[in-house]
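Each of the next two complexes has subunit A plus one more chain, namely subunit B in the first and subunit C in the second.
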Partner chain A sequence: MIVTKDLTHKWFTLFAEKVIQEKEQLSEYDRIIGDGDHGMNMARGAQQLITLWQAVPPVHLSDVFKQAAMKWISGVGGASGPLYGTAFLEMAKAVGAKEELSNDELVTAVKAGFEGIKKRGKSDIGQKTMLDLWAPAVQDLEKDELTMATLQTALTKTNELKATKGRASFLGDRSINEVDPGAASSKLFFEALIEAGEFGGN
Partner chain B sequence: MVTNIGIVMVSHSKDIVKGINDLIQQVAPNVSITYAGGTVNGDIGTSFETVQQAIEENTCHQLFAFYDLGSAKMNLEMAAELSEKEIEILDVSFIEGVYCTAALFEMNADLTVVISELEQLMVK
Partner chain C sequence: MMKKIINQPDQVLADMLKGYKLVHDDVFYLEETHVITRSHFTSKKVGIISGGGSGHEPAHAGFVGEGMLDAAVCGHVFTSPTPDQVLSAIQVADQGAGVFLVIKNYSGDCMNFDMAKELAELEGIPVDFVIVNDDVAVFDSSYTEGRRGVAGTILVHKIVGAAAENGASLEEIKKLAESVVAHLASVGVAIKPSIVPEVGKPGFELEEDEMEFGIGIHGEPGYSREKIKPSREIAEELIHKIEVETKWTTDQTLAVLINGMGATPLMEQYIFAHDCLTILQEKGYTVQFKKVGNYMTAIDMAGVSLTLLQLEDEKWLDYLTQSTLAPAW
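Moving on, here comes the complex of A and B:
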């Protein structure tokens, strides 16, 4: 797949719309194993991004990532602001001045985002976090495909994990079989990519 | 003489930082202390904007920063990376850590003494 600015703009716009649409559900997941504000926080940043782009659409490919990063960092707060903000910022750095990405370059950018989340959250896969959605998505993208089935399986597997990072880790075993809100919103992020992109197997 | 290092506190609750500030004003009235508590609207949570404001409003260039929970730390880290100030984020017990630092800064204790006291209060 070739990733253009327009495709990326569509990807992030769809993500923002999905976040706003699902905000109640995301907050509900967060009420069970966190502090209950994930949906509201994410939707605030998402709305700010949509409003910005309605006034001034992004010009360059890296603008999409940079502007999303700034809205998430400044507008979202909590844990998801710095985590998504760092991911988008690292993706912007990986994209640099390129105006088009090959599939390999897309993988490099998404991996940079993944590493950014790891660094900011001092976390790793298997701890019931958004990383458990990002890792299988990266693996799929490496094969130039990304399917809803992969994302659904990843979320189901993440649900089964016991949280060992973040606020949910205080719940210990009670976090098992609950949905991690960050993993759920990360699923929306990659669903938006599937819808914006042109993969074979969706 | 008081130290030239300031203190920044970040909490999910405006009342927590307000309370700690009241407590440490008794031992360190001359230390530059600024804080961010809760979201922009005063709800429970953390916001990058209020953290950045607390950092910039502090009169000192060098800052010791304290926080209550993980996301407060993440917002602190982001703000520290984007600030020109020298910011040390300390993974110590919140109230004791701030209190101990403030008291030692007030009497201009040697930095090595402050660090060694804080090492006893590390939580992670």
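Moving on, here comes the complex of A and C:
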């Protein structure tokens, strides 16, 4: 798949819209294993991004990532602000001045985002976090595909994990079989990519 | 159903801080970034900054004033402030001797304050920090997020604030703060959950006759849920928990902070204080400093926490008793 500025703009706009739509549900997941504000916080950043783009749409491909990063870092707060913000910032850095990405370059960018989350959160896969959604998505993208089935399976597997990072880790075993709100919002992020992109078979 | 004296649930932060500024005219309010600062700074003094999510009033803005904090960064309710918010506080609090951040151990706070530190260092402002993790209710290991930062943070504010006022360097303050945190332990109990205004329903469920030991200041789960007990038995359990987790011997000299969680009246706090102080005395501890009241609340949670600080260095007691203009101390 070739990734253009327009496709990326559509991807992030869809993501922001989904976050706003799913705000209550994300907060409800967070109320069960965290502190109940994930949806509200994410929706605040999402709304700011939509408002910015309604006034001034992004010009360059990297603007999409950079502007999303800034809105998440300065508008969201909590842990999800720096985590998503760092991911988008690392993606912007990986994209650089390119105005179009080959599939390999998209993979590189998403991987850079994944590494950013790992570094900022001092976390790794298997700890019931966003990363458990990002890792399988990267694996799919490497094959130039991304399916809803992959995302759903990844979320189901994440639900079964015991949280050892983030606020949910305080619950220990009680976090098993609950939905990690960060994983749920990451699913929305990649769903938005599926809807915006043109993968074979979708 | 939620009953609160507010206007708009999503405006509580700004509305509260505007009110705070009107009541306490000797502070500045940076409206853009929700930062409360002193109006007069001491030149060449290390700036002391604390902050975090709101909902813990009087923490943290109530501790801004000569002798304690230079600035408090106020996030949304139970949500860490963002790096740009923290950065604006650092810029204002920097009086040429660097800035020290008091951070409570939550992943959001750690990440946002760390990003702000990186940004400030790019501007040439030396920044150091301490992470307060006094809540012994949480098992501390490399496989968990570690202990949370709770009411003991207030004693850290007071001690480092006084030391900074007396001219301590950034390096000295870092060392002092690390040492205080290493000798600090807290544990709480809740009998009724809190309601975040924007959420509108309790953060957790607790039956009418139940209490939960070890609950966090955002309603994070504790270590044991039991039928409600008399104050004396609650005091015994909390002291026991701290003793088990810290392995302190009873020949210690202590500072004691009894903290209300927001909806527990002072009447009950004093009853609980009587029980705690009596038990500590019976056990042989020497208590040289004590304080009771609402310092680190959890909105309208009902409950109390007990903080014990081993007074390892006699200077710490001087710092605790030194005068301050912070309205909430």
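Convention: the second predicted complex is superposed on the first by the 201 of 202 C-alpha atoms of A that agree within 3 Å, B and C clash if a C-alpha of one lies under 4 Å from a C-alpha of the other, contacts with A are read in each partner's own complex, and residues count from 1 in each chain.
As a convention for this text, contacts are C-beta pairs under 8 Å (C-beta built on N, C-alpha and C of every residue); 3 or more make two chains touch, one makes a residue touch a chain.
Because the structure is predicted, anything quoted here is derived from the model rather than measured.
Under the clash rule set out above, the superposition-derived model of subunit A with subunit B and subunit C contains a clash between the two partners.
In the superposed pair of complexes, A:D35 makes contact with subunit B and with subunit C alike. By the touch criterion stated above, A:R174 is placed in contact with subunit C alone, subunit B being left untouched.
When both complexes are overlaid on chain A, the residue A:S27 reaches subunit C alone and has no touch with subunit B. Using the contact criterion defined above for the overlaid structures, shared-chain residue A:G78 touches subunit B and also reaches subunit C.
Once the two complexes are overlaid on the shared chain, A:G166 sits against subunit B and subunit C alike. Listed for subunit C are the stretches 1-9, 19-27, 127-135 or 217-225, of which 127-135 clashes with subunit B, judged after superposition on chain A. Once both structures are placed on chain A, subunit A residues 35, 37, 41, 73-74, 77-79, 81-83, 120-121, 166-167 are touched by subunit B and, in the other complex, by subunit C. Against subunit B, in their complex, subunit A makes its touches with residues 35, 37, 41, 73-74, 77-79, 81-83, 85-86, 120-121, 166-167. For subunit C in complex with subunit A, the touching residues are 53, 75-85, 106-108, 111-112, 115, 138, 143-145, 148, 196, 198-199, 201, 203, 216, 218-221. Residues of subunit B touching subunit A in their complex: 12, 39-40, 44-49, 69-71, 74-75, 77-78.
Subunit A meets subunit C in the complex at residues 27, 31, 35-37, 40-41, 73-83, 120-121, 164-167, 169-171, 174.
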